[in-house]
Every structure is written in structure tokens, then in C-alpha cells.
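Naming follows writing order (A, B, C and D), and every chain is counted from residue 1.
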Amino acid sequence: MAGNSFGEQFRITTFGESHGEAVGVIVDGVTPGIEIDEAYIQVQMDRRKPGQSSVTTPRKEYDTVSILSGIYEGQTTGTPLFIILFNKDMKSGDYSEIQHAFRPGHADFTYLQKYGIRDHRGSGRASGRETAGRVAAGAVARKLLEHRGVSVTAYTTEIGGIRCETFQEDQIEQNAVRACDPQAAVRMIARIEELADAGDSCGGIVECRIRGVMPGIGEPVFDKLDADLAKAMLSIGAVKGIEFGTGFAASAMLGSQHNDGMDAAGFTSNHAGGIIGGISTGGDIVLRVAVKPTSSISLPQQTVNTSGQEQTIRTEGRHDPCICPRIVPVVEAMACLVLEDHFKRQAAMKA
Amino acid sequence: MAGNSFGEQFRITTFGESHGEAVGVIVDGVTPGIEIDEAYIQVQMDRRKPGQSSVTTPRKEYDTVSILSGIYEGQTTGTPLFIILFNKDMKSGDYSEIQHAFRPGHADFTYLQKYGIRDHRGSGRASGRETAGRVAAGAVARKLLEHRGVSVTAYTTEIGGIRCETFQEDQIEQNAVRACDPQAAVRMIARIEELADAGDSCGGIVECRIRGVMPGIGEPVFDKLDADLAKAMLSIGAVKGIEFGTGFAASAMLGSQHNDGMDAAGFTSNHAGGIIGGISTGGDIVLRVAVKPTSSISLPQQTVNTSGQEQTIRTEGRHDPCICPRIVPVVEAMACLVLEDHFKRQAAMKA
Amino acid sequence: MAGNSFGEQFRITTFGESHGEAVGVIVDGVTPGIEIDEAYIQVQMDRRKPGQSSVTTPRKEYDTVSILSGIYEGQTTGTPLFIILFNKDMKSGDYSEIQHAFRPGHADFTYLQKYGIRDHRGSGRASGRETAGRVAAGAVARKLLEHRGVSVTAYTTEIGGIRCETFQEDQIEQNAVRACDPQAAVRMIARIEELADAGDSCGGIVECRIRGVMPGIGEPVFDKLDADLAKAMLSIGAVKGIEFGTGFAASAMLGSQHNDGMDAAGFTSNHAGGIIGGISTGGDIVLRVAVKPTSSISLPQQTVNTSGQEQTIRTEGRHDPCICPRIVPVVEAMACLVLEDHFKRQAAMKA
Amino acid sequence: MAGNSFGEQFRITTFGESHGEAVGVIVDGVTPGIEIDEAYIQVQMDRRKPGQSSVTTPRKEYDTVSILSGIYEGQTTGTPLFIILFNKDMKSGDYSEIQHAFRPGHADFTYLQKYGIRDHRGSGRASGRETAGRVAAGAVARKLLEHRGVSVTAYTTEIGGIRCETFQEDQIEQNAVRACDPQAAVRMIARIEELADAGDSCGGIVECRIRGVMPGIGEPVFDKLDADLAKAMLSIGAVKGIEFGTGFAASAMLGSQHNDGMDAAGFTSNHAGGIIGGISTGGDIVLRVAVKPTSSISLPQQTVNTSGQEQTIRTEGRHDPCICPRIVPVVEAMACLVLEDHFKRQAAMKA
């Protein structure tokens, strides 16, 4: 395919440009007879939307979801769910300056190289706005996973070099950066505001913990559960890396240290991060993604225009100085999509 | 699918268990009229095979490839290439002890949980032996990529905590660990031998550099080039993480530091690792994978048997104390498969 | 997938129920830089819409298309086209009577068996209304095929046992049944009106002729061009059979009669219908589909309700006594979708 | 994909040329824990093999199957089954004469147009020999379907214009043409032998009846059960058409005649052929395929060579004057593959 679909038995297809008329998603393969409504989905949309705090862009996208198909009398029917969000408050004027220049860190150059044409307004299809459809679809998957006893929780563990020292799950949604350590959160927010004032941006690390997945989920050899989760996460624009369990640290460990032993109660450790041989072990699935600093900064940067002439550019407009807090619900959504898909694939294999 | 196929327009499907009669691969979507023979493929097989040095298992797999279809008078015909390797020198006796126990770090437990049955001999389908088919198919992709002016080179940058300080490409195939720094290689080998004597194992980091990819390759939004490369690499058993360009280090950088500027000559840096917005920039594509320590160690480990009773286990048999040198050709093969597939998808989109 | 997507490199995904809020389609894999607008698509929608003549239902669906993404300044950008049609003039009251009974010939029973729940309003997802999205997407494919010099034309050749004796292509759109023989059309219309008055319906045969396809299009062995066309046509609700070239008549011919010979000018006959070995010959691709009589009739019929109790039912509401004239544009749309997809796949194979 | 795979959750990929070293198939998505062996598969292979009677080619292909993976101690493990048949008794000399000429009715011309190169020996990949892998995989699907209580039976109903008047299921495998009417079989065989002596060939019609499929199998809207069966059957080289239930005859029926009513006992007729709205009704699934006369005849035919020069050609070698009896097991195999795939997809949807 051309790349706008994800999943196999639980499959989503997204559409829409940042400053087009709407963005949205078709969700195919939804189990019938499940109660779900727009309010349930809206909860996740609101976690992703801009303007939530001092550290997110004041831009208002009005992420109000409408379900136009697949629901009858409050229940899913097994036919495709279509979810749409109409765009509003688009100030294309903000972007006119960059119509003919390539913003450093953005996909302006690569899109033009690939397609020979691009909708530059608000980054068009390459905008983070595209993830709105993912989060809406992810909420549908989350609802199905709830029926399976699976929960998915992501949170910031590091921003601008400041790391969380504690894991206080109940505090995650209580601070603007969705950090698992409220003390670290305070320093992270201060750092972000300082950088925002300087016209700069920073990155961070987001961790995701998936609980309640029975052993046996995942399809060897290519569609390993961690392989599909890796693809899902790297398909998020700002993500530059992923690791599972001990991850990169495993490269410096000994087999005698890294191997997860077992006793009558189950695994005695979880260095593997809940997946061995591409199949869930029954333990928590733990992954971390590296989030790059937001590309849009107002500091002057060296670039060229579409004619190849050098120029400096300042990315005006309203942007997130750190995207971590808004990536958290996107990471959760992608994890939900992968898990629900693999649960259905396991059912097909066993049938 | 059930997970044994990879790729879309250039697609491989593998089969085979470690101690079954054979392993192999069907390669579909091969450009017709390309000259390729078994000798060309064998070169890559020999880089993957065991018994290459003191730091690899002495086990002989006789990785001799036979092409049984898709070639006529030395050229590809556009029909599926079928490549098979018959298994030999299988000492299933070595594995009888672990028929009823779960080896720590291995997929014994998860396979049994998933399928309710498993071929324990030599780890069955979960064995690294499965990658033989990938390397054979990857060689076919490599040949097609040569015609596109693309080269793919992987090498070890760290083993057991010992890091390469220099990048000497011509030295990679000259040392047993395929390290890019011959001095570091000497210390890595000593470390591996020391651990092997102790019945332990270690991990490392393998980097892959892809040169010559024109700008515009990769399919947003889900099939980003880095997303598909991430899936490809995480589908390799021992890989626990991946990063592109500055990777995890980007999480501590500022936007003003990380953004790759441009001048009349092109990009002035490559922090992105050759991919922006999921599409190739034209610069080198650079990725690194975290390789966990080999699970098979002869030190006693705590585990349970299939009846849930606790026991200690020593994984006997012949194993690699560090898998990095043999993962290098597998990483290259997977990268070749992803690239060739995306070149074909770009052609379809433009058509 | 769950079955709501079609195509591989040119791929559509449809959504929507007959009496839901909207129906529509996402078209992925559209060649960038192509000029297309809503007016071009509307022409095909108007050929499919109800209320075109005395032989089609007076129901008004207001098939007005809106393109909400994938177009920038009048040209395709290579990102997904999203096309939506909002539903209006829905008289669900018409259907309340059949909420708890299974209409003979309709998918009421099978949908309930499959999903355990159904949206009975206007047949929900099983309604012919679903084909609106196909026709809209087919128009996009048609535009791309125009650039390839390919034309697709379907027409009625038989209705209610009345057959066309002549082929007058310029007359097809000039009569209410889209027959290629205007004299036969007069008799067909009279027959349909007679049956409509009697509360009954009839079927017919629609032929499709595809011109300008170069030799070499089609992917052996499973994705043969005729195999994919057959799937495409049988995915249309009322179609019960398909044949290519001489079709079923070939079963009574001799090899010496059926084989298409060649001379310096090319093939001397086209019994194969333009496809041999699943690959286009360069000749016209000719196929015929069998259209069953419309299931909705107002004559009393024997059926059971959802409790299994026997009852008679009259399908009230506004229906087409013969669906052939409105299936013509759907057949063309599906043919366009298959062709464009295979042109792109051929480009990928050759790349 | 390039077209050599079929199915989604139960997926096969075939390889091999007629005069290459082997043909075979990888079967992915096999339910684990099922007892199956080569002898079970061989039964179906023997029904497809040449040399079974006076009306089939004396060519011996030695269709002996070997399963090289996916089985452990007599049971499937859930990993890919690999089944191979090595080619023998290849008389390429028979074909040297047609290396540079296009045989009427064969894919010689279209393959060369598509790929720019072709393996002409025994028709290469376009040979009926390719179906050996399908029949082997179909046998695996048949075994899984047995556990579901589903049976698939195909038989000849017409050859050379001679039609079966009776349906005697127990007689199908008792006559050389696999006709359901032994009296008609006698005349069919005489007709075939007469045509063979004259150096000509003939076609026929094969019907397939699938029993025991529960209601609810099939995936609207594009992957309707009949749509996928149509693709499966049209992917068989000699098939030129397909119809379900009343099929083309439905085009001349009235709605009041064609609609299948229901009473307390279920459907009172089966004009639909067991599928409504693309979903199984629970009744027998009945389809018929049109088989063209064998292309290979020894009568002189007009053609051109690869240089475009006109010439006459006689297709020497050993061929089937009528392929119907050998297509019967292929039709059954394809039906089994579609059904097993859809059963697994239904399980995924419901999960």
C-alpha cells in the first residue's frame, strides 16, 4: 500500500492534511457488539490536543470527534468505524513565508523530493495533526483491550536531560509534561519554558507500560510483537529510537545477568521487557522511545529555498517547545493498535 | 498473515526449523533480467555461518544454498526465486535435556504458550538458523540495490562494554568480531574468549550505514522508511532496540543543535540519520541496534520445567558467546530487503 | 483485513451505512501531480444515483461528493484522497417493518448470523448505497487511466430475457437502461415497467469493454488480471457470475476454434477476452457479469422473523425494479480500480 | 505482492517452473496440533497427476510430496509447512521448437511482454504444473476443514457439449472424467478420444459443492466469500468464467422466482448458491467454472515467432485433450484454501 494504513486484522487508514478541511480515520475489523461512543474517544483526543498548558502550543485544533459509521444504537456493528475531525482555526498566513523554503528538521525537502509537489500549509500531511486520527482509532482499540483486561500507560521519563527519579503513576496526568515524577516535572517545565523564551526546543524520552497481556501474543518470525511495536512507534514523526526492557543497556550485560529466570511463581525478572522470541511472556511489556527536540524553533536557521538559494529562516507560528506530553497519548494509541491487532491474529491462528 | 512473510512489492517468505530437514525462502517480486547465481548468494551465507572463528560456535551448518526456481540461463525471470539450505550435522541429542524445561532467555516458554506445542530441537523455528533464509534473500536484494547504486554495510561498534574509537571500514571483515576499529576488536575478542571460558556470554551494538539512496524513498505515514527498518531489525531475535542518527542522544539535544541545516551543497549535518518524515534525505542512512547477550550459556540457571517444577539448567551444546559478528550480515540483509521493497513502492506511486 | 479495502498499490477503503450519516472512501496510492476535481467525480456519481428515470427508484440520495484531503491547488499530492457523501432523504420509517424479519434475497439473515447485530435501516452496510464510495474512487482511477490511454465502458446487453442485437456505443447513455441496442432498450424498459407495476423485478447482463491496455499487465499466478477483475465484480452485491471473452461458451468449443492465432498484425481473434495466462494481450479486455433480479419486491414473500416464526413480507419502500442501469457505472468503477492497481504493480515489478 | 501468494490468515506462496528443479509451496497460518502427513496430501496429488487414464497425458511428473518443515512428531506446530515436489521426466527437447514462437492459447506472448524474458521450457511458470503446489496446500486446508465439518467436492458436469443428466456422487471418482453421471461419462470419454486422435481438444464445465459451512462466513464488502472464490477459480489457468447458484440463469429470472424464501426449517430454496451479501447462508455453496479447451493441440495453427514473422506451429509433446478431470482437484483445493482462510478471519473478527 501507499503507507496510510496500519494493522492487519484490526486495521486503520488515516487521511487529512494539517490545514485541509478535516483529518480522520477508518477503523476496520472492530469486534461487533461493543459499546463505545464519542465521549469515550474524546477523552483521549483531549489528552493529545494542543493548548493544554503553558508548555504546549496555544493553537486550538478543536479536536472534536464525530463517528459517522459503524455504530448502531450505541454498539459497534462489525462494519468500519469512520471518525472525522474537522479542522478549524487554521492560520495559513503563518506558513506563507515557508512555502518556498525548507525548514530544518521538517519533511519539507523530503516530501517535495518524493512527490514533486507538496501542501506546505501547516506541514500538510507531515504535520503532527495527522496523529489525531491515530489517537481516535487507538481509543477504539483501547476499549476492546479493556474487555481483554489489558491496560496501556505511557509517561515522560526524561526531558531536556532531566530524568524522573521516581515512578508515581497517579501523578502522570497531574503535571503538564506527563512525567512519572512530579518533582522532576517541575524542573522539566521550568526548562521547557526557559527554552521556549529563547526560541529553542528540546526532546525527551517516553516510556510505555502494557499490562495484562496473556502469554502467547505475537507472530514469529517477522511480525514479532516487539517488531510491530517498533514499527508503530517509529512511524511517529518525532521518534528516533526505541528499546524494550533493558534495551541498549543489554548490550553491556552478561547472559547470566540478562536472562530472565523462572520459578514456580513465573519469571523472576523482566529484562526482556515482556517479550521473548517476539511473543508476550505474560509480564509487563515495557518500551521506551527517544523523542527528538521539536523541529520548529524561532531561532534563525540556515537553509535553502526550493531554488537552492541559501537563506536563513525562523519558523514562526505556534509550536510545542517539547512534544513529549502530547506524544504520550499517541504512543499509547499506537501500542493499543498493535496489541488489539495481535490478539485478533492469535485468535485466527488458533481457530 | 501468520508472520513468516516480509515486504510488500519485494516480498520474502521463510520456512524451516533448526533441526528440521531444511530452511529456506521464497523471494517474490524480483526484477526480471538480473544476473545472479548461487555463488553470489553464498558469499553472504558464509559471513553468517557458524564456525568462522574462535568466537563463533564450531557447529557446522553447511549453509550451501541451492536456487531451485526463478532463474533461467543465469538471469532472473520475474517469477519467484526459491532458495533452500538442507540441514546437516544436527545433534538433537544435545537438546534432549531441555525438551521439558524452559531455557532462560529463550523462546521455549512463549512458543509453548502460543502454539500449545513446540519443536524443541535446536530451538526449532525460534533458532537463529531461521535467519539463513533472510540472508539468502537479502543477497538477492543486495544485487538489485547494486544496480541502483546503493550499498549497505554493517559492523560491530561495541561488545561487552568495549567501544570502537575509530571507523576503519576496510578493517571490518578483517577481524573476527567485524568491528570497525581493529584495536578495539582485539580487546573484544579477548573479552569474549574470557566469558566463553566462564560459560557466560555478552552483547553489543551493531551499526548499519546505507549509502547511495536517492532522496524520496519511504512511504509516510505508517510505512516510513525508518519504521520499516525498525520492524525489520526488531524481527531479529537478539535485537532489543534500535536508533537512527543521533537516536537516543537526540532526547537530550536542543532543536537548534539537532536540526540539520542546508546550504547550496545540501545538508550541513546528518543528525536525522538520513531520514526525515519517514523519507530518505539523500544522506547516509545510519542506524544502530542493541544486541542482547546470547541466551545460551553453560552456567547453571534457575528455571522451571513444563510441569512448573523448579530446576536448574545448563544450556549445553555449541553456541556463540557473542552473536554480534554473525548478526552483522543479518542486519545488512534486512536493510537490503526494506530498501529494495521501498524502491519498488516508490516506482509504483510515481507510475 | 476485515474486507473493506480493495487494491494493493492503488487502494481504497470504504465506510458507511445506507441510513447512517455518510458514506465515503479513502483512496490511497494516487499518483501525485494529477489534476482532478469534484466535478469530474460528480459525473460518475450522477450516473449511479437513483431517480434518473422511470426505471430507477425515485429515492434521492443527493450523491454530492466532497474531497476533503489529498488535493492542493487542484492537483493530487500523493497523500490519501478522502471523498465523502453525506446521506439525506433517509426514510427509515420505510424499513421499520423489516427490523425483525429477514427479507428474501437480502443479507439480513447472513449479517445477523455473522455479526450478531445489524443496522437494518435501509440494509445498513449491505445496501447498494455502499457502492457510492466505489464509484467516487473509480472516477479517480479513471482519471489516472486516461493518462495511460485506457478507456473503460460498460453497458447492458440483456434485461429480463431481452437481448441486444446490435452494439451502438454512442447510444448507451442515451437510453434509461444503458443498453448498447436502442431498439432492445425500448422493449427492456417496457418489460421493467410492466414488472414494476406487478410488484416484481428482473435481472440482466452487463458487459464491460476495456480498451488501450498495453500487453503485460497482470500478476501471475494468483493475482491474474482476470482473477482480480472477477473478485472485483463478484464483490458487487447483485452479481452472480462473470465470464471473460467467450466465457462459458468456450466450454463447448474445440481448441482449434478457441485458440487465438497471431499474424504480423497481432492476434487474429480475441476469444480469450484480452487476457492470457492472467496477463493482458493488448487486445480489448471483455467481460460480462450476471445481474440477479432486485431482491426488493412488493409482492408478498414467505420468510421468518428473528424469532424464527414464519410470516409473509412485502418489501415496501422505493426500489429499482432492475438494477442493471445503475450497476453499469459500478462495474466500470471496479474495472478502473483493478486496472490502475495493476499498472502500478507492473511498474514496481519492472523497477 | 508480485502475485504468488494467496490468502490472508491461511496463506500460501508457491514457486517453481514446469521444467525447473522443483515446484512447491509454503503454507503459513496452519492451526497447530493437527495431525497430518504426506500420505494424506499424496491422495490429492494423485488425483491431479497426469497419466491417470486414456484421457490424460501419459507424462509422468512423479508428484511425490515431501514436507520439510512445520511438522513435529506427526502434528502441525503452527510454523510454516513447506511442501516440495521435485521435477523428473522432463523432456525439454519436446519444447525446443517453440522456444522462439508463440503457441496460440498459451501465455508465451504475454509472459515475454510482461517480463522481457521467459523460461519457455514446458511453459515455465505458466504451466499447469504450478497447480501441484496449490493441491498440496489445499490438502492441508481440507484437513483443517474436516475438523470444522466442512466437505468440498468438485466434478465434471459437461465436456465437449455433452452434459450430465444425473448427479451420482459415488460415481465421480469411478470414471476417467470425474463426471457425476456415469452414462454421460462414457460419451464424454469417447468424444475426448475422438478429438485426441484428430489432434484437437475440448473444454467443459466443472461444478463444486461445499457442504457444512455455518452461516456467517465471508467478509463484506470487498472480500465477500463469493468474490474470493471467484478470484481463486479465475486464477486457474484454463478457467474463463464462474457462476454461483443459478448464476447467469438468474439474469433471466424474476425477483419473485429467484429470492430464496425461509420457513421455520430454514431456506426453502438455494438459488443464491449458499452465499448472500457475500456471507454464507448455511446452505450448500454451489459454483460452476467454465473450462476452456486445452490450448496445446497438434493441429497446425497460425502464429508468429519472437521476431514477428508468421509461421504455422504444431504443439508437440504430451498433453491433455481435456483438462476437466485434472482441474477437479485443483478447483477443490482452491475452494478449501478460501474457506479455511475465511473461517480464520471470522474468528479474528469475533475475537
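The rule is simple: a contact is a pair of C-beta atoms (placed from the backbone, for glycine too) under 8 Å apart; a residue touches a chain by one contact, two chains touch by 3 or more.
The structure displayed is predicted, hence computed values, not measured ones.
Comparing mean CA positions across the assembly, the chain most remote from chain A is D. A count of contacting C-beta pairs for B-C and for A-C identifies A-C as the more extensively joined pair. Rounded to whole angstrom, the centroid-to-centroid distance between chain A and chain C, based on C-alpha atoms, equals 39 Å.
One finds 27 Å separating the Cα centroids of chain C and chain D. Here the spacing of chain B and chain C, counted between their Cα centres, is 46 Å.
Under the contact definition stated at the top, the residues of chain B that touch 2 or more other chains are 1-5, 8-9, 14, 29, 32, 78-79, 114-115, 125, 220, 345-346, 349.
Of all residues in chain D, those touching chain C in their complex are 1-6, 8, 14, 102, 104-107, 109-111, 113-115, 125-126, 130, 158, 160-161, 195, 200-205, 214-224, 226-235, 237, 240-264, 268, 272-273, 276-282, 290-297, 299, 301-304, 308-310, 345-346, 349. Put simply, chain D touches chain A in their complex at residues 8-9, 29, 31-32, 78-79, 220, 343-351.
Listed in rising order, the residues of chain B touching chain D in the complex are 1-5, 8-9, 11, 13-17, 20-24, 26, 28-30, 32-33, 66, 68-70, 72, 75, 77-82, 114-119, 124-125.
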